[in-house]
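Labels for the chains are A, B, C and D, by order of writing; each one numbers its residues from 1.
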């Protein structure tokens, strides 16, 4: 059984009654709910728990980690980010949601300042178009997902070229955005999925839930041998060759 | 005129007579020589200069930076790495050579522990096969470059999926390696090229020189507008929509 | 249950006693055997059956088609190739093995003369290195698969840039080859896997079997809606704009 | 000097007074004009000329071919398509514009039914966003190109995963589209660029012209050796190995 840990900053829910009203058990609670119903073994972890709830034991028993954060990315301790980073390189799947784009872990794994994008809170319509209908993360969807109101994220989004581009969003106000992108990092798989601003009930949307479920299945660790790095003995005999170190062209 | 800065750790040349004999003016000197002949405006910088020779002025006047380092990656100050990182994101090309794979700047830009690979010093033969004959970096080459003796680097090489794979090396001892890979990062372009162990005269090889010249031309900054990030006004009017925040599915 | 059809030219087995000795039930029989044991619902089809065994009914009930052919690619009727092509675009997975690289269907789907590569029959050693340890097709493998004797295939291999590069082979005689590559085409997924020359018992190798099993799971059709093409009504009202067709710059 | 041939169907210009008014010398004439001013050596060719103007001599003296077609794709003879196909594989650059997406040559090179997309003629606004600001094809542009009125092309666009995604378009009516995509095919480079419906003066737009100029420079043939295909002698001696063809697992 695939073991999922849903990590959430869990601050908006406490400080903003609108958010608390939409997500009375936290965004993590809402996500954990539908993933449990989908047949996954789900735990949660939040910023204000000791070690942000991401102890070594929790991480070692997590196949896929889901990450939602927004205003307190800087409060996530570097030592925990490093542990998550190492676990992803060793195979743990990572699904980064919405404003998690600016998290330390996402930027560290991608190598660019992934917090850089355009944004706007204007209750505008988003259409998330399926660009790659062969991709398992798009399974079960129609041609696009329509969200009546969401926060806008627009290009340029400062990410590396994705390994795979699954979704591109259209926004009412005139922007486009690469909303679903995947990457391999070491033995691990990373999926970023854009929607989910805290003031909208996005994570109750059945199609959004479907994408996250698909993402979990896609991100499950492969059981490939851990690569061996460093000084290596030859697998084949190496012939001694006549060779002169004289450099005649200087 | 394209302005190139060749950065070199420049320690082997001083400490190892074999290396000093091959590269009396340093690896940076040898590279600067052939790039100058190729028509570029070339400067050099080395680890032991103040600010490692990479002052803000030098960086601001560099279109393409070449990086060779090996044993002293940890001596490169983070503040300088950060400046190089920011310059690449703003468009400066970066060509990382050989053991520069383990440099702070390469790992930071790529997001993986790029120091991880297999290696062996056994004077073995390397064949660098052209995988993408349409790529400008392969221009002027035959089907492969043969080096009679080089250090072996073998897979798995812990890099992200390259944007483009230009070369794959064959080694006598039984390994293969992605020897020429390219990436875009922000407005900048990054090219990694494998050969160039300090105890061999690799940078005097005409075909190796051709690849580095091609790489410089390929990595020249594009004159695209710097993206604007952050809160953005709508480009189109956003309609007000009837919308209820009641969440009925909880 | 995933439904697999194994297609085989099935000529070498009849004409060459060595091949017939290794694969008394045909290459298709050997592949069908291990895939059945792996839990798939497997059928077979061969060149000399009516419609090459690929009737519309068979194709419509196939989730993943496996293709082995060699000397008789030209005998495969274009009308059948077209049916397979349409099925792949609608979601059927396709796994092309070894000399199937030169098949009509592979070339048609990829857009290049995929028959173009280097080859040699010299009983030489092949090492198939895992380049992407995060990929599900590499699951369960070590760092490489070693085949004591195989036919050599070498670069340049005239395929488009793969969506994903899973394996690269090393050959004793000095060549490298992109041995495991994936592509999406329409709603369908395509995986090419190099090994399997008819005069070697390659398809009895447990690791080779594991790769093909992984490939089948990876290639299973996604249940995404079939895209609608053609003239489309606007989803949002289009404003009439003042616009002049006067062209002032001529 | 880079030699460009601009190929145009050149039917709308004769049959539709609106188009003839915008492009009195044909779409090919307008494109040839600005490319000549940009310093290229430019010729033109059209459907109704003998061999569609694409004689062997013309093709052999063309570095980059530009293709605009719409309603008469089926009138382009297969023998000419084959010649263009072979030339691209040998290095000639190909830039396919707008409705050229449905041309025989584009589909043949890409391997998918590239004619499949959504479209609408409704005088709607298009914004072509720069997705990859490091790409040379985006050089000299701002963050997006705005066209007040264009035909809409919408996803899903049935192309293979692009090697590089340079532009994504936003349309007023609710769609998005991968408007600038690149591919390598053999030794040749292919760039598709969306805008240019015949009833709008799109090719007089300075930014659109800039993209096509950049595209020509990007698509110039690399001078890499033509790969040698077929039976190959070993580069290294192959050891004879004890080997038994007995198959024990049957």
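Going forward, contacts are C-beta pairs under 8 Å (C-beta built on N, C-alpha and C of every residue); 3 or more make two chains touch, one makes a residue touch a chain.
If you're wondering where the values come from, they're calculated on a predicted model, not measured in any experiment.
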| item | value |
| --- | --- |
| Count of contact steps on the shortest path from chain B to chain C | 1 |
| Self-contact between copies chain C and chain D, residue sets same or different by half | same |
| Comparison of A-B and A-C (more C-beta pairs in contact) | A-B |
| Centre distance in Å when chain A and chain C are each reduced to the mean of their C-alpha atoms | 30 |
| Centre-of-Cα separation between chain B and chain A, whole angstrom | 27 |
| Multi-chain contact sites of chain D, meaning residues that touch two or more partners | 125, 127, 130, 132-133, 143, 154-156, 161, 163-164, 172, 174-175, 184-186, 227-228, 235-236 |
| Contacting residues of chain B [partner chain D, same complex] | 91, 125, 127, 130, 132-136, 138-143, 163-164, 172, 184-189, 222-228, 235-236 |
| In the complex, chain C residues that touch chain D | 18, 21-22, 24, 89, 108-113, 116-120, 122-125, 148-149, 152, 154-156, 158, 160-161, 163, 172-175, 183-186, 199-201, 204, 227-236, 238-241, 243, 245, 247, 249-250 |
| Touching residues on chain A, where the partner in the complex is chain D | 127, 129-133, 143, 154-156, 161, 164-165, 168-171, 174-176, 178 |
